[in-house]
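In the two assemblies presented below, chain A is common to both, partnered first by chain B and then by chain C.
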Partner chain A sequence: MTEQTQAVENSSTSTGTQIIRIISGVLGHFVVKRFLFFLFVVWLASTVIFIIPRLSGQDPVKEKLLLEAQRGGAMQTGLDAMAKSYQKRFGLDQPMWTQYLNFLKDLVKLDLGVSIAFFPRTVNDIVFESLMWTLGLMGTVTILAFILGTLAGAILGWPRKPGWLQYIFMPLLTLSAIPQYLLAMILIFVIAFQLEWLPLFGGYAPATVPTLTFEFAVDVIRHAILPAFAIIFSAIGFWAIGMRGMMINTQGEDYMIQADAKGLKGSRIFMRYAVRNALLPQVTGLALVLGTIVTGQVLVERVFSYPGIGDILFQAIRLSDFFVIRGIVIIIILGIAGATFLLDVLYPLLDPRIKVRKS
Partner chain B sequence: MVQPTIEETRLSTEQAIQTYRTGARITDVDALVVDGFSVYYETDSGTVKACDDVTFTLKQGERFALVGESGSGKTTLAMGLMRLTRPPGHIASGSAILNGRDLTTLSDEEMRKTRLSELALVPQGAMNSLNPVMRIGRQIIDGILDHVDEDDKSPTKDELDETVRDLLTRVGLRPGVARLFPHELSGGMKQRVAMAIGISLRPRLIVADEPTSALDVVVQRQIMQTLGRLQEGLDASIMLVGHDMGLVAQFADTIGVMYAGKLVEIGPVEEVFSDPKHPYTKLLIRSLPSLQEKREFLGIPGLPPQLIDLPVGCAFADRCPSVFAKCREVTPQTQDLGGRRETACHLYDEEAKS
Partner chain C sequence: MTESVTTPDAINPAESGGWSQFNEERLTPMKKYALRNPSLIVGLSMLFGMLFLVGVGHLVWDTEQFRPLSAPTRLAPTLSHELRDGTTGAFPFGTDTQGRDLLAVAILGTPLTLRVGLIAGAVAIGLGTVAAFLAAYYRGFVDAAIRSVVDVGLAMPALLILILVRINIGRELSIDEIGIAIGLTSWVFPARTIRSQVLVMREQTYVELSRLSGTSGMGIIFKEMMPNLIPYITASLVGSVAGAILASIGLEAIGLGNFSEPTLGMTIYWNIQFSSITLGMWWWWLPPLAAIVIVFVSLFLISSGLDEWSNPRLRKRV
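For the complex of A and B:
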């Protein structure tokens, strides 16, 4: 063997081990580990979703056809044959494991199938359209409620607050005890129906077509105000009460006494010592809530006929549109698992005590 | 009954004591004059006199140690002097004059500025006294920044970094510690950081509230040595709050013994140890283990009284071996026994008069 080949061999083995080292390093990295766990959770939940409707023994196609037949008053003859052909169309005549594999294959492609109720629209189409409305409204409202509620709670839990604040915040918080849908109906009745300040229902004026114009944007915002208020009011109380409790807890901590003993200004102690520490559990809560906003607010959206995902979910359940329900649930799973994944990755940056341990 | 001498109560070597006692620190200037200082807690079941009518004077450069069992009011007194008493506690009466200014009459903002710059606290159990989500350097800087006068320009980042480096080095830590978070430090290191914060503005008086609790004896010694060295560098006074008699004996010049919210005895540490006056001090010192003599471990029988609605008379009367009728009728006042020694006990009524 010449020196040259030996050298080549040496370098190839070293690059080989290097690659292995890099791969194991990447797999060992906690972000990658968390991501793999995220995929596992999504797979597991999807499988459960696949199995449960099939245990119910209901035949979605037949249900739909029966419903149509009843509506049209037509004879029910030939319905079975029709159902068979539709089942073939949706792949429901295949053996279970083939269906499962097809389902997983479609899931990887993020293809959620075809709606039964709104045939031939795809579930992707329906879900993503309504998701935009829900995310636009719920995302903004959730973050707004988090900021306002946390701030209110922080101030309420601060012993050096002006005394009169108590009399403003506390009645405000009792508002959050009113159920959202009830508040929504009160808002509709008073502000939209009697005062006619804001539109009664919908995401935009019925006669218009969604366009990217200023007028349309204003219209969308006018339609979003009432649902937003209905949701914000109840959520503010939730965040405020949690934050207030955490703020009161931090008052007993040694580092708060020491902050005073250091002669720090009240504003610095409030923000950098009290709020900064009290915020940690709030952030966990926010991440989990953000994960669930994709479900929409079924009741509130229903009351306002808001074209969000909650409204679609309601309709899909009513029409037993299994594919749309499944699609929405998968979006929810992705949302929650995704939020948890993000929280896992970001939390060490917020709380230095949470160490990323290398295995 | 042989009283153990001060030599027996020393835990470490003669050499260490030498380091502590370089002497001649104490000047004749009054640093802190506390007169009739009381901190009461108003509760539903009555007023708790956690610290009642305490009077003492601390000279510039002096090391004054406040000892007593848990609940005797030593921390209440220290916190009260810093005006950090939290509701329902409040300063009921008395004055505390630090470098010519009465701390009890300062406005909240004046008091805030006085803290750290003139009167610094090295807290009890440095374990949790640091903000867990903030780097050490930042926690030192915070105190400095909030004491910059409005007219002065803020120090630059480089100047602050240099100050932090200097402070950390002075308490025996690597400058790199500034970049760490509290949970990355050991207990002793945290206590050193607490000291670095305490001296950051060169205070005249350092209140050290059990600075060595929860540390092992080797680290305790190092911490006390560092504290003593820092004090000498700053020419400051120290008020040490603690219940470790051995530690106090080695460190302090003067000792004040508290019982049930009252200061029952004050005197130079060696004299108090060799010839305690108040029966409580006697029992306290007798309860210390001795190296020379093997004997049964002695405590003080009974429990300290409830601080709500204390009966008239001496609070120690029920546990006192030398109790007599007057003790239960008249509350003893602090009496000057001469030679900087004071005690609040009826046994010395005659001695004090003469």
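For the complex of A and C:
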């Protein structure tokens, strides 16, 4: 709804209908629609997460507490407090819908509960500490893989490329079929174990305490190189395949023939005409594979004992720390849904051909 | 797409002389096509070559030694090792820190992992195809409902949902149960892609014609659309199998597999758990790793070969 028409309507209608108009206008807006879908995804996902434990008929928390009680020892002291906190959290005597509403209320407040294995600590506390490591690694890696892979695919799909390039890139494409954590194991063996160029595992040297010094930063980067390359190597192929297909599709377009007829330089046709147009579907691809990237990285972190979410998840599974596992699942789904929402909203800015209808 | 380095033109009867011309006449069109589509052939022969070796292994090797403590521990590959009772035993793949014969593990584990993938792939493609046809053929409310389920499903990583389900079940799942669970969580992607194929197809003239001549909805789906979609569905099936194997190994590597089955994923789990790499026990992690790489690369080649088969527009492009 443009401002002009709105102004005309303002003078002729009462405030009541005006408000309804504005509300429906806002609801019809593309960004709002995407945001509502984002909320819908998060709501449906959390409902699934709420239902799963109740379908199985088992109670992992109670079982875990019983197990600890049988073992006795140091855990015994916290047991009462834990049980109380647990009862209060789930309100097990209350009807199902009250439990459900309480669960949603806690989610809105981003209160993910209390760890069972490390009792007084909250899930938020445990997860957010490791989230930094995961996000730092994943951000760098995803952007690098996207750029390198897209570039590789663009050159591969370009008819005027040197012939020998084919033989270099084909093995790279095959790498995309190999799971990231297996590449991680190979990298550890060759580079960290045999050649001893880089550290074997961890996020920083075992004896050091995280500080803001130059030495520590170098140490962190040295530890991040191998996990990063494990993910980059296998992701490059994915981006290259998609980009190559799009490049081939642009070859037949009229604007390519026109650019050629105008006698433009090859490099200009390549970057401004072919790549610019072939790039856009790649951004949509990014939204589709975010989930795969995250789960892949969780396993790579496990292989490297990298102090990110993957390592926390593994520890939590080993200790049957139900709330931590649930918290990690919720946070990852929130993150993926949020990132997809952002990509959806930014996409029309990148591609002016997609007109966003405002009314 | 990835027809590997040989171009289809490499098999050119005019260039390769009399022998190939003789053969050319006798080759059926299917075989001729296979020669033009090397990735399908290479992929299939890799997969079946490995299965053949596994089959031979089953016949000649004592696979009962996959259990822990059935062999000496931490043995590098050897053909003659003196056992405690004085006899000599051969361990061509070595043994691990818990005393498994790793050759037996490799022989049993490879088909088990493929089985998880096949079960999950079949479940996922079955559900996905049904959902896709329901959505694309009947449109309206059905389509809207299925589409939103698919959209939400795509936003939730299957592995995480599997972890939650497995934690709540609270017991180890059997191989078949893992396969079914993975299938149930991974049908949304095939549903989405097959749906868009059906949408294109239902506008085709032969479908219109069939509708005009009074064929029922089910008749159109099974007699007109299905036969044309089979190549595409087969290609998606291969993709789903690969995805399911990836998910099952992920689930096992993170410690939620079946601890009494010697699958490739469980072997990877034990490797990470006992940090075999830092122990220098290369013979422990190399066979499962090689097997997994062969499985994935061959499935990747098969699926791109099938892609070319189902989508002729991809042919002849390098």
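The rule is simple: the second predicted complex is superposed on the first by the 284 of 359 C-alpha atoms of A that agree within 3 Å, B and C clash if a C-alpha of one lies under 4 Å from a C-alpha of the other, contacts with A are read in each partner's own complex, and residues count from 1 in each chain.
In this section, a residue touches a chain if its C-beta (ideal position, glycine included) is under 8 Å from a C-beta of that chain, and two chains touch if they have at least 3 such contacts.
Here the structure is a predicted model, which is why all the values come from computation and not from measurement.
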Following superposition onto chain A, is the placement of chain B relative to chain C best described as a clash or a fit? fit
Check whether A:Lys265 is in contact with chain B, with chain C, with both or with neither, and answer first, second, both or neither. first
Scan A:Asp254 for contacts with chain B and chain C and give back first, second, both or neither. first
Which partner does A:Gly163 reach: the first (chain B), the second (chain C), both, or neither? neither
Once the shared chain is lined up, is A:Arg276 touching chain B (first), chain C (second), both, or neither of them? first
Determine, under the contact definition given at the top, whether A:Pro120 touches first (chain B), second (chain C), both, or neither. neither
Let me test your reading of the model: by the given contact rule, A:Ile325 touches which partner, first (chain B), second (chain C), both or neither? second
Any idea whether chain B or chain C touches more of chain A? C
Which superposed partner A:Pro95 touches (first chain B, second chain C, both, neither): neither
In the superposed model, how near does chain B get to chain C, counting Cα atoms only, in Å? 8
Interfacial residue positions of chain A with respect to chain C in the complex: 37, 40-41, 44-45, 48-49, 52-53, 55-56, 58, 60, 63, 166-167, 170, 173-174, 176-179, 181-182, 185-186, 188-189, 193, 200, 241, 244-245, 248, 288, 291-292, 294-295, 298-299, 302-303, 313-314, 317-318, 320, 322, 325-326, 328-329, 332-333, 336-337, 340
What part of chain A is in contact with chain B in the complex they form? 253-255, 257-265, 268, 272-273, 276-277, 280, 350-353
If we count contacts the way the header does, which residues on chain C are in touch with chain A in the complex? 1-2, 4-5, 148, 151-152, 154-161, 163-165, 167-170, 242, 246, 249-250, 253-256, 268, 271-272, 277-278, 280, 282, 285, 289, 292-293, 296-297, 299-300, 317-318
In their shared complex, at which residues does chain B touch chain A? 82, 84, 112-117, 120-121, 123-125, 127-134, 142-143, 146-147, 181, 183, 194, 197
